[in-house]
Structure formats: C-alpha cells, structure tokens
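Each of the next two complexes has chain A plus one other chain: chain B in the first, chain C in the second.
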Partner chain A sequence: MLGVAVLLTVLRPWLPAGLVRIPEAWLLPWRDWIDVAFEFIRGDREEGRFGLIYITRALSGGLEFILDAVANVLYGKHRWPRIEQLPWPVITGCMAVLGYALGCWRLALLAGGTFLWAALIGQWDLTMETMSVIAVAAPFAFTIGGLLGIWSWKSKRVEETIKPLLLVMQVLPFFSYLLPAVIFFKVGPTAATVATIAYALPPMILMTTLGLKKVSPEVIEAGKMSGCSSWQMLRHVYIPSARTEIMVGLNQVIMLCLAMVVLTAAIGMPGLGAKLLAMMGSFKLGRSLEIGITIVLLAVTLDRLSKAWVVKQPEHFEKGTPWWRRNIYLVVGIASFVGLYLLSWVSQGLSNVNFEDLTWSNAHQYAGGVLDEVKRKQSMTQGRALDGQIKQFLAFDWVQSTTYAIRYFFNNFILIPSEKALLFVPTPAVILAVTALALGLGGFWPGLLALVFFCIVAEFGYWDRAMLTLHSVFMATFFAFLFGAPLAVWAARHEARARRLILLCDTFQTFPSYVYLLPAVMLFGISPVTVIISILIYTMVPVMRYTVEGLRGVPAEMVEAAEMSGATRSQKLWKVQIPLAMPTIAVGLNQALVFAFFMVIIAEFIGTRDLGQEMRKTLAGTHLGWNFVLGFSVVFMALTFDIAINAWAERRRKILGLA
Partner chain B sequence: MKKLTTTVIAGAIAAMPFAASAADSSDPIVIPIHNWSSQIVMSHVVGQIFEGMGNNVEFVTTDSQAVYESVRLGDVTLELEVWEGAFGASFRAALEKGGLHDVGDHDAVTREDWWYPSWTKEACPGLPSWEALNDCAALFKTAESGDKGMYLDGPVDWLKHGQERVAALGMDFIVVNAGSAAALWAHIGNAEASKTPIVVFNWTPNFAEAVWPGEFVEFPTWEDGCDKDPAKGPNKDALYDCGNPADGYLKKAAWDGMKGKWPGAYDVLAKISFTNAQIAEMARLVDVEELEAEEAAEEWLAANEDVWKPWVEAGS
Partner chain C sequence: MPSEDTVISCRNVWKLFGPHPEKFLKSMPDGMGYDEIAVAGYIAGVKDVTLDVSRGEMLVIMGLSGSGKSTLVRCLSRLHEITGGTVEVEGTDIGGLSERDLIELRRNKMGMVFQSFGLLPHRTVLENVAFPLEMRGQDRHARRARALEVVKLVGLEGREEYFPRELSGGQQQRVGIARSLAIEPDIWFLDEPFSALDPLIRREMQDEFLRLQEMLGKTIVFITHDFDEALRLADRIAIMKNGAVEQIDTPDQIVLNPATEYVAKFTEEIDKSRVVHAGVLVEEGAHPAGGDPVDAGATIQSLARRIVNDSADTIPVARDGKVIGAMPRAKALNVLLGGAG
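Presenting the complex of A and B:
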C-alpha cells in the first residue's frame, strides 16, 4: 500500500486531475443536509414546532437559577437570595481554614494566599465571577460523570456506546461547541457551564469505570458474605474501594474546568477569561499575565485541596470527646467567618490610602481600608511595569537576532518545504499511506477505520485545509517528542526531579493558552513557526508526563536483573526501560496528538490557513452545517490516529505481559 | 457593600421632567460585551442610562461574530457596535434570517485600511502615498517573504481583500492574514521595540491611535462599485484597485422583540449616537487611564450630561 502511495506521489505531474484531488462535482452537499437535519432536531419556539430546544431551554432555566444564587453570594448579582457579596477576607479566611483542615499549614498558606493574591491584585470580583460558574459546573460534571461511569460499568452495552461518543467529544474542535451551546442553552453563564461540563465529563466517566472494575474479588466476596444488598454493595463496598480513581477523576474535572475559563468567555463565561481577552485586545501584556497567574493559582489550589481530601483518612476520637473537639475545624471556620465578616463591616468607610502612597507609617490605615473591598487605586497590580519590562526585553539586539535566526531556519528550511510537500501529495496517496500506517500499528480494524475516516474527510471537500491542519499537528507532536522525551528521560532518573517536572507540566497545562500566543507572535512574527511553538507548549506536557510515568513505572526487578547481567547505563535505558515504558509513552503520544488537534484550532488566533481559519467564518451562526463539516473533518482525522495508537499500545502491553 | 452609583444617575434622571414609559418589562435587558475597550465602555454607558430609567440591565460576554445568533433568538437584546467592515457580513446574514433589525447609525464613521506607525515614515519619507510605499517594499521584508515586502492584513473573516488589491495595483507585497486584532497589536508592539518599518491593517476609532501615532496609506480614492465593476479605479481590468471607503458605518442592532418589551429603552436606543471623539474618549479612559469599564462609564456620563440627557428627555 505504501508502495502504491509513493508511486502515486512520484507520478503526480502525469496523473489526471481527478486522482490528485476529488473533483468538485463528486462532493455531496453535506453542509445543506446537516443544516436541514439540525433545523428539524432543534425545533422552533416561535413557530411552536416541538424539538430539542424546548427541553434544553427548560434545563437551562433550572441551571440559571442555581448559577444566579451562587453568583449572588459570591459577587452580589441582583438575584435570589439577595444576600450581598461576601467580603473577601471572609472567603480567604475560610479557604485557609479549609486548607489547614485538609492538609497542614502549607496547604492553608496556599489556599489563603491564592485568594489574598486575587484580592490584592485587584481581581477579586473577576475571580468570584469565574468561581461562581466553576462552583456549579464542577459538582455537576462530577455527579453526572460518576453516574455515567457507574452505568457503563454495570452494562457492557452502555460502555460500548459511551466510549466512542466520549472520544468524539474530546476531539471535536471548540469552535463547533460554541454555536450549539449558544442556541440550545442561551448565551451567558448557562451556555458556559454546559460547555464546561461537556468538556470535563470524559475523564470522570473513564476513571469511575476504571476504578470500579479494579475492585479486588476478595473485597467483593467479603461484602457478599456480610449480606449486602446491591445498593449497599455499591455504596459501602465498590465506591469506597474505587475511591482513589474517582478522586483522580474529580481532580481532572477541576483542571479541565479551569482550562475552559478563557475559551468559554466567547459564549458568556463572566470573569477572568473575559477580562483576559479584553486585556489582550488592547495589548496589555502585563495585566493579562497577572490574570494568567491567578487562574494557575486557582487551579493548583483546588487541585491540591481535592488531592488532600483523597488521602485524608477519617479521624477517630475516643468516646466522650466533646462535640467542639471533634469538629474543631468547623468551629474555627465558623468563628473566622463571623469574625472576619464583622471586621470587614467595621472597615467600610475607613481611610482610603492608595497603593501608590503606601508607606510603612500608613500601612495600618491601608490594611484597615482594604478589608472590605480593594478599590482600583489600592490594588497592587504591576501591569504597566511588566509591559515596560517585556518591551525592554524585546528591544535587546541578541533577542531579536536569535529569534530571527530560529524563525528563518525553521520556516524556510523545515516548515514551509514540508507543508508544500504534503500539499503536493495526491489525495489517494495520503489516504493509502495513513491506512497502511494504521494497519501496521493497530491491525485490521484500525486500518479499515482509517481508510473510511480519511475518505470521509476527502469527501467533505476541505482537503487542503485538512492537510495544513494535519501538518501543524504532526510537526508539533514531532518536536514535542524531540525536545520533551530527552528531558523526561533525564528527569525520570531522580524522584525529586521528576516531581518538579510534573509540577511544571501542571502549571503549563492550566496557564491559559491565549497568554502565550501574544509573546510568541512578538518573538517570531506571524509565521508557521509561531503556530508550531504555541501548540508545542501543550503537546510537550503529555509527552513528558507519560514518559516520566512510564520510566518510573518499570518494575524494579527488571531493572535490577539488567544491572546484574552487567548492562551499562545506556544499555539499561535502551534495552530495558524504554521498551517496557513504550506502551505508556504511546498513550502520552496519543494525548499529545489529541491536544495538538485541539490547540491547532485555537492557534487560528495567531493567523493560520487551516481548518481553524475556515471555522471562524462560520461563527456568525448562519452556517451551522458548514461549521460541522469542518469540525468533523478534524474529528475523523484525530480519531484515526487515536484508535491506531491505542490499539498498538494495547497489543504491546499484552506482549510485554504488563496488561 | 457596593457603591450605589446607579442611584446617582437615577436621581439625575428623576430630577428631570421625565415620564418613564411604565410599560418597560422588568426582565433584564441583556447587553453583550466583546473584547475591545470602546465597546465595553459604551455598553456600560448605555446600560447605566437604561438602569437610570428604572430598567434592569445585565451584561454578558460573547464572541463578536456569534453574538448575532443570540440577538436573533432574543437571548441578547441589542448590539451597540456593528462595524461595517468587520461584522457587516455576519450582520447582513442574520438580518436575512430574521429576528433582529437595524436601529440606525452612530455619527461616528469608521475607516479601515493599510496603516503604518509613525516610525515607518522616517525610513520611507514618501508616505502616505501608496506608490511611495511600493517603492519602499524592500524595507518591509521578513524572514519568509523573499524579496517582497510583507503586509499584515486583518483576519480573513473581515474580508478586507488585501490580496486582490496587491494584485490589482501590481504591488511588490505578499499578504499575510493575522488571526485576531491582538495578533496585529503584538506585531506592532514588537516592531515598536526595534523601530522596524511595518505596514498593517488598522482602523479608527480604536485605542491604538492613542498608543501608536501613525497614518493610513493613501490609495486611489474609493469609487462606488470599485468592488464590483473592473472599470472603476485606476486598473481598468481589476476589482479592488481602490482604497476602502473612508466613512464606513457603525450601527446599532436590536432584537425584534425589544420594541414591544421595553418600548422606553428602545426609543432611547434609537436616538443614541456617538461620535468618533466620544468613542475615542471612552477607549482612552480604560486603555490609558486604566479605569475599570464601569467606572469609565460613570465618569463619561458625568462629564457628558449634555450629550446623553437629550436622548432620555426626548423619550418622555
């Protein structure tokens, strides 16, 4: 098959046009068909034609009520229950107490510090607006995901239906979610919440099912022997045993919710994300950087809190311990709530020292003044100073000449030629090559799916743009491996180093992508290498994470056996550790590809000529069919590689006896 | 514990001979907010005027293209800045589908065209004429553009036809499309550091005028039909051989149901009209003075009572 593909490519100048690209006349009107189907499913409220929109709008009514109530408490939106906004010291104090209760003083410092930072930097209201949506979306995603996870564990058929659906949801470009969310769930926090839930669900479902499947037979036996009903089995045996996996799912839910903060601003998510986009629109790099830091801090705090909750063992007290002793943290929490509330109430209308005039002698007045609300001139934002520093840095000659050299080399010698080469290859040759690759990796079924999926992409009629998308994805994944894998191998040698690298990965993953894009444009201009770099930052994360995990997960006996037989360090690495870690590394590669397919569409923000650019034109809402044709072109390409690589990893694992 | 600023405006309005149309619904009027400062401040200005009239107002952040679908559905009540260049196509498409309508233009005119920051003129003194620009094309080279100069055009969906113009006028430029306004700013910001000559797509009114002084390139003047009739413009065989019209519209749009539900607010909306200077001032309060949008709106309303009070009074 590869041979035919190569032959077709070599012969391209002599091929009839119909073999190079599918002729226009053969393309079916998918766009119109999808539009008609969508109209039918949707229904119309004005004409009174029943459809899905009736159901979703009813749901979003209920959701809106919950969101409004939370918003009222957190930032004083004028809705039921009409309590006024909680002052910031109250929430900060309570988060610190919670941190202490779950972990230790370090966690208390992290939780309290995060909210203190948000308040003092002047982003309190924004942070609370963001939190008001996350506080609703995360529990919903957790509950729905958990229930679906249990259901798909109970029934094989459900699992088989849910799995491909989840895959599609994960790789469907964000620009395709946008319009349906707005149409079905009403632009605003409701649509943002629904999009966030949809995005955060898959890992929760997968982890729950995985955890329940892993419960050991002894535990189940023990449960049955004590005569549990099936509800009791689930409640007291299965779920507690699967607790670790379920909590990992929760952690992923939180991380993904925060990753969506900026993207969902386009459909009505209030707060930090919207502000970030506005700051970037007026080229305020310093302020957008500060917002990025707040989002990362929130992510790390919520992540650490939820993890601490997982590892925390239930405490047991001696009989006769008084109530307040058993619930000491609750008591302290309530006390600090009341105390700080009174304090901020007293602080209202106290002196008005601005941050710029702050000195040692009036520090107590400043502190007194901000306890109720940090006003604009009192915030410690350094946005302007940061802007200056960034500009200064860019003005250095060595910065300019280095970036120019990188840009010149990569664009002119690697990226532009390879792009042209890929566009040169005739459509059937690409399809055959991909099919051959999938066949070789995964076997018959992945090969067949690859053939079908790529034929559909060709039939959708955006072949050149699809190839440009594929090119960016491949290049970004390739460079992620080139740079990420050696770094991970180096880090995996020591426990502490590995931990630091993982922390770095976490930070990069939650740092809003848009914040990178502007500095990348400033350094490398609007050119292919900028697009690759901005995707690279994301694709390197899973590559490094899974490589470290894979290498550290190699059974110690095997490494010892290699050492005993006198292997040198490089032999040990190449002959034992890497082959054994390969299935895990392959999962990382797969994740990197999925991330790349996600980011390549976002990189449209810089300026690309691929499917993402075309999708942007469809956002006005009148071209839903067009939008879906483009979105599913991405989905089918991503699925092809996902299925093939997973099949390969599964096979390797069986061969190596790791399954 | 929030400042009761709206009461100040409510007071100001109550003091006037003003009979509010009691028929306005108590449901919130939903005003969309996008990601550029003048639009955000303008939305708050109008929102605070509506609140002063006793209406409930809510703001929602949305994408500036996808918003038209929401206005059509009535989830969003109005849109205050419909730019002819950037959103004209989306607006017209939504208009055809129905559900929203045109509520008149602002006094402000918009201009969108090739633009350069002032330092470029030092390297190419013949500017702003387009012929002089073309003679300097080599100054605008980048790592990938070969011998030609590079012109950074706006996002493709704004349909600026930079490519066609370069071909029609036989210019030595290649055209690259930025993906977003922010990418354009980043490009200018980077050039500013080293004072590299650049030519990019830009428009007025916007915040960039205050940050980077510069000028539009003068192309052959726009003639009606330059985009449809090859005979128009200097090149008799090509379209798009003129500059863009220097007076594009800036419109307001509203959901069809607004007039029935909030007649008072609708009347005011129809009268609202800002000028270029007023819009630039709104942007300046946020971009240069670094006020928050709400505060900027309050400040603007306080300083320009003679501008907005007649709109409200006439509504009585």
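Presenting the complex of A and C:
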C-alpha cells in the first residue's frame, strides 16, 4: 500500500487531475445537507415552526437569570438580587480561608495571593467576569456529567452509545462547540456558559462511570446485606465510595471550564480571555503578560484547591469537642467574610469623606478607598511600562537576530519545504499512506477506520486546509518529541528529578491552552513559526510526562537484572527501559497529537491558513453545516491517529504482559 | 432432612458462571464433572450442594481458594442468584422472594462479615455500625443507642468517632462484626473474617468470636481456608472442592473418618488428639471399668497422661456427670500416637 502511495506521488506530474485532488463535481454538498437537517431540528421562531430552539431559548432564559445573579454578586451587574459587587477583600479573604481549610498555609497563600494579585493589578472585574461563568458552568457540568455517568454505569446500552460520542467530543475543535451554542442560546455569557458546560462534560461522565465501577465488591455486598434499597445503595454506598474519582472529575470539570471560558472570547464573552485576545492582537505584550499571569495563577489556584479537596479525608474529633471547634474553618470563613465586608464598607465611607482638612488625610483616603475597590489609577499595573520594556528587549540586536535566525531557518528549511511536499502528494496517496500506517500500528479495524475517515475528509472538500492542519500538528509533535523526549530520559534517571519534572508538567497542564500562544507571540511575532512553537510548547507537556512515567514505571527487578547482566547505561536504556516504556510513551504521543489538533485550531487567533481560520469565519454567521464539515474534518483526522496508536499501545502492553 | 430446627436448607444448589447458565444446566447430562463443565465453557461455582444448618449451629465451610466456598455463602444470602436447586431460610424459598421481601429479610434476619471488612470509608465507626439500622429507617436516637451497645460489645469503646482508615485491621474487622450484629440477626454469615489479619491478631479475634458466640448463640455459616481455624470453631465442617461438598461432618469424624482422599490429605498433618473428644470414641458394649470417668467433652490430648498411664483396657466416659460408656484405651492411644486409626 505504501508502495502504491509512493508510486502515485512520484508519478504526480503525469496523473490526471482527478487523481491528484477530488474534482469539485464529485464533492457532495455536505454543508447544505447538514444545514437543512439542522434547520429542521432547530425550527423557526419567526415562522412559528416548532423545534429545538424553542426549548433552548426557554432554557437560556433561566440560565441567564442565574448568570445575572452571580454576575451581580461578583462584579456588580445591575440585576437581581442587587447586592452589588462583593468587595475584593471579602472574596480574597474567603479564598484564603478555603485554601487553609483544604490544605495548609501554602494553599492559603496561593489562593489569597492570586486574588490579591488580580485586585492589585487592576484586573478584578475581568477576573470576576471569567469566574462568574465558571461558577455557573462548573456546577452544571458536574451535575449533568455526574448524572450521565451514573446512567451510563447503570445501562450497558447507554454506555455503548455514549462512548464513541465522548471520543468525538474530546477531539472536537472548540469552534464547533461555540457555534451551536451561539445559535441556540443568546450570544454572550449564556452561549459561553453552554459551550463551556458541553466542553467540560466528557471527563466528568467518564470519571463517574469509572469510579462507580471500581467500588469494591465487598463494600457493595456489605451494603446489600445491610438491606439497602437500590436508591440507598446509590446514595449511601456507591457514590460515597466513588468519591475520589468523582472529585477528580470535578477537578477536570473546573479546569476545562477555565480553559474553555477563556476561549469563548471568540464569541464575544468578556473577561480575561477577551482582554488577552485584544491585547495580543494589538501587540501590547506587557499587558498581555499580566493577563496571562492572572490566568495562569487562577488555573493553578483552582487546580490545587480542587485537588486538595480530592485528597481531603475526614478527621474525627474527640468526644465533647464544641461545635465551633468542629467547624472552625466555617466559623473563621464567616467571620472573615463579615469582618472584611464591614471593613471595606467603612473604607468606602472613608473614601467619600472629605479629609482635606486633616493633615494625614491623603494616605487615609488612599488606603480607605482601596479596600472597597481598586480604581484605575490606584492599581499597581506595570503593563504599559512592561509593553515598552518587552519591545525594547525584542529590539536588541542579538535578540532580534536570534529569533529572526530561528524563524528564518524554520520557515525556509523546514516548514515551507515540508508543507509544499505534503501539498504536492496526491490525495489518494495520502489516504493510502495513512491507512497503511494505521493498519501496521493497530491492525485491521484501525486501518479500515483510517481509510473511511480520510476518505470522508477528502470528500468534505477542504483537503488543502486539512493538510495544512495536519502539517502543523505533525511538525509540532515531531519537534516536541525531539526536544521533550531526551529531557524526559535525562530526568527519569533520578527519582527526585523525575518527580520534579512531573510536578512541572502537571502544573503546565493546568494552564488554559490559550496562554501558550503568549510566549510564542512574544518571541516570534505573528508568523507560521509562532503557530508551530506554541503547539510545540503545549504538546511537550504530555510527551515529557508520559515518557518519564513510562521509564519510571519499568519494574525495578528488570532494570536490576539488566544491571547484573552487565549492561551499560545506554544498553540498559535502549534494550530494557525504552522497549518496556514504549506503550506508555505511545499514549503520550497520542495525547500530544490530540493536544496538537486542539491547539492548532486555537492558534488561528494569531493567523493561520488551515481549517481553524476557515472555522473562525463560520462564527460570523449561522453556517452550522460549514462549521461542522470543518470541525469533523479535524475530528476524523484526530480519531484516526487516536484509535491506531491506542490499539498499538494496548496490543504492545499485552505482549509485554504489562496490562 | 429438614426438621423443625433447620434454619437454612439447601437442596441441589447449582451456581454456574458462563454465557447461558440456566439453559446449559437444563440440558446438562447427569454426572458431569467439574472439568467437563469447564470444557463446555462454564465454571461450576457451586455444584449440586445439599446441606442443612440447624438453629444455633456453627457450620464452617472449608476449602482452598477457588473451591466455591464464598460463592456458596453468597447463594445462601442471595447475593448471587442460583442457577438451580432451592435455598430455604426458615422454610421460605429465598429464590422466590421479591426484591422488597429480600431486603426485609436482610434487614431483620441476616448479618454478614467480609474478608476485607467492606466498611464505608466516609462514615465513622458509629455510623458504619448504625448503617443497617439507618437503612431500615430506625430513628436516630434508637440506632445510636443500639450502635453504641454493639460497639461496646466488640470492645471498641472510645473509638466511636474514628474513621475506618484510622483503625488497625483487627479493629476494622471488629467494626465489621459490630455492624453485622447491629440488627440482631438470627443468621450470621462470616466470609473469611480473619484471613486478612496477621496470625497473632487472628488468634485473638477467634477467641473474641467464640466469646461472642457463647453469649449470642447465633446460627452461623463461617468460611475459612484455614483448617486449624475450622477445627477450632466448628460444630460441623463442610469441606469443598471444585464447587462440590466433599464431606460434611463434625470435626472428630472428619479427622477420624475422612470420606475422600482429598479430605484425608487435609487431615494428614493434623494432630488428631487435639481434635477428637473422648465422647466420640465411646463404643457400645464396652464395659465401664474402674477408675474415675473422664468427661466426654475433653480432647484426647488433654487426657494423654491418663490414657498412657491407665492400665485398664477401657476408660469410663461421662457426660454431664453421668457415665455413658467407655472408650477402648487402644483406640485412644492410636489417636494420640497417630497409629492406624
């Protein structure tokens, strides 16, 4: 098959045009079909034709109400319940207490520090706008995902239906979440919330099902023998026993919510994401950096807090412990809430008083006002200055010449030639090559799926753009391996170093993918290299993580056996550790590819010519058919590799007896 | 045969694991062995078991891992649905009970203890013990009082507010035992309750268990893979292999008269004199000779000095102070010294 592919490529100049690219005439009007089907489902309010939109618009009313209420409390949107904005010290203080309750003073410092930073840097309202969507979307996603998880655990049929759906959802580009949300729900926070909920669902469903399946049979039997009815079983036995997995699901929900809510800037959701987009677009790098730091801090805080909650175990109190001692954190939390609220209220009052007559009035006025609200002039932001400094730094000759050289080298010697080469290859040759690859890796079914999936992609009619996407993904993943794997091998040699690298990877993984654009843009401006670099940084995380884990996971006896056989360090590495770690490394590769497919679409924000850019255009109108055709081009390509690599890893593991 | 006093009665109970167990069992020719069934693609978890447990009796089911003993006990409590045969508890066929009646039965009549405890990690000791009471809707005050009582019974006073992970293995199993006793069950299932504990603790828990049983007098089905434990605790022992019961009898009889080669292999290493009681060796027609009668409930080992030193051919044996006959000294010596029994 590969031979045929090569032959087709070599013979390309003499091939009839129909074999090089699928002729326009053969392409089926998928877009229109999807649009028609979708129109039918949607219904039309003006024509009075009933459809899904009636339901979703009704829902969006309720959702909007909740969003507005949260928005009122968090950033003072003028809606019910008209409490008006909570002063920032109140939220900061309560987050710090929460951090202390869940972990220790370090977590308190992190949580308090993050919000303090957001307030002092003058991004409080932006942060709260972003948080308000998370505060609404995460509980919804948690509940819906949990219920679906329980359902798919209860019913085999539901599980079998839901599984492939989740697989697709996990590789579906985020634009394909956004457009339906915009069409069915109101533009702005409502649509952003809906898209965020949908995006955060899959891991929650999976984790819930997994947790419920893992409950020890003896605990189940103990429950049955205690005479539980099936509701009691679920409520008192299954769900509490699956707590860890469910909480991990919650952690993922929160992180995905944050990742998505930042991206909803694309459909006009205000907040940190939108601001970052705007700042990056106008190349104000200092201010972008500040926002980037806020997002990253927020991500780390939310991640650490929810993870601390996962491992938090109940402690017992001695008999006769008074109520306030048992609930010390609650008491302190309420006390700091009330105390700080009063304080900021007083300070608001103070700032309104005219202290001009007093000699030390100005200091007071300043200190007073700040506790209520950090005003524009009072914030400590250095954004503007940083803008200049970064520009200056980039203007240094050596910096400029280095980045220019890298850019030039990559562009002219690697990216442009490989891109041209990929575009030169005739469509059937690509399909054959991919099929052969999948066949070799995964066996019959992955091979067949690859053939079908790539034929569909070709049939969708965006072949060149798809190839550009594929090109970026491959290049970035390749370089991620080139740089990441040796680093991981080096780190894996020592326990402590390996742990540190994994911790680092875990931290990096919590960052919303969007912020990865920032360093790439800072160094390389806006160019194709930037796209590759940002994907590369993002995909290096799973590559390193899984490589380290794979190498560390090699059973100690095998390594010792190799050492006792007199293997040198490199023999040990190549003959024992790497072969045994290969299945895990392959899973890392797979994850890197999936991440890359996700990131390549995000990279559209800084300008690409591939499917992502085309999808961005669809957001302008209601071209759901167009959007889905593009989205599923990505899905099918990603799934092809996902299925093939996973099948290979699975088989390999079985052969090695590791499963 | 089931009598007035029979609490659990199994008749030809089968439990097959496989794709269509019921269909297979119906069409299966009689006398098919474990291996033949396995070739057909089924695993005989429980194979044609018939046994009765009477009130107040402790039946120990003994077998190696995979012999089907855990499966059998789960058939008795209908944690597993049986493939064939009937299980009756106090005269009702539990296979025919509705979900609701089954729950009622478990809430009021059955308690079970598990090998790895099966405690709920998010509940304190007290809440774990009160769990079955809570499930049947007892009010908070009553269930707390009862739970405190049972916790005290198993010697965990002062630990009521602890969480399971804060306790040692032995303590956790005490919680498991307390929980199973909270509803005052008539029937008590114990599935290898002490196997996960280390030997010293195991011994201690066995003593504790015997003390409890003396006090409570429950009907017990006790599972173990430890023959010593079985001999120590049992009124009767059922030895299982490949899902079938090889022999069901008192410890004395199993040691003295093993029914199959498999059982014999188990008993080989056992010091018979510690198991066999004087009462078992009494022969009809043997004339009580002189000397003080020995107690029928004493083990041969405890009578060793007397048996060796006595010069008479027979030794009189008494139960409850009344002489019931005599045991031949030669027979007792055989048991003691391991001669041809």
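The working rule: the second predicted complex is superposed on the first by the 589 of 659 C-alpha atoms of A that agree within 3 Å, B and C clash if a C-alpha of one lies under 4 Å from a C-alpha of the other, contacts with A are read in each partner's own complex, and residues count from 1 in each chain.
One rule holds for everything that comes next: a residue touches a chain if its C-beta (ideal position, glycine included) is under 8 Å from a C-beta of that chain, and two chains touch if they have at least 3 such contacts.
Note that the coordinates shown come from a computational prediction; the quantities given were computed from them, not determined experimentally.
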item	value
Combined model on chain A where chain B meets chain C, clash or fit	fit
Partner chain(s) touched by A:526 [first = chain B, second = chain C, both, neither]	first
Arrangement angle, chain B at one end, chain C at the other, chain A at the vertex (C-alpha, nearest 10°)	160
Partner chain(s) touched by A:219 [first = chain B, second = chain C, both, neither]	second
Touched partner set for A:346, first chain B, second chain C, both or neither	neither
Partner chain in contact with A:317 - chain B first, chain C second, else both or neither	second
Touched chain A residues, chain B compared with chain C	B
Touched partner set for A:328, first chain B, second chain C, both or neither	neither
Chain B versus chain C as contact partner of A:423, first or second or both or neither	neither
Which of chain B and chain C A:482 touches, first, second, both or neither	neither
Distance of closest approach, chain C and chain B, by C-alpha atoms in Å	44
Interface residues, chain A side, partner chain B - complex	76, 78, 84-85, 87, 178-179, 182-183, 186-188, 265-270, 273-274, 277-278, 280-285, 344, 348, 372-373, 376, 383-384, 391-392, 394-395, 400, 404, 407-408, 411-412, 416, 517-519, 521-523, 525-528, 603-609, 613, 616-617, 619-622
Chain C residues touching chain A - in the complex, by the definition given at the top	74, 77, 79, 103-104, 106-108, 110-112, 114-124, 131-132, 134-136, 160-163, 165-166, 176, 179-180, 183, 189
Touching residues (chain side chain B, partner chain A) in the complex	1-2, 30, 32-33, 35-37, 40, 56, 60-63, 65-70, 72-73, 75-76, 89-90, 93-94, 96-97, 142-144, 152, 155-157, 176-183, 185-187, 189-190, 192-194, 207-208, 211, 283, 286-287, 290-292, 295
Contact set on chain A toward chain C in their complex	216, 218-219, 221-229, 232, 236-237, 240-241, 243, 313-319
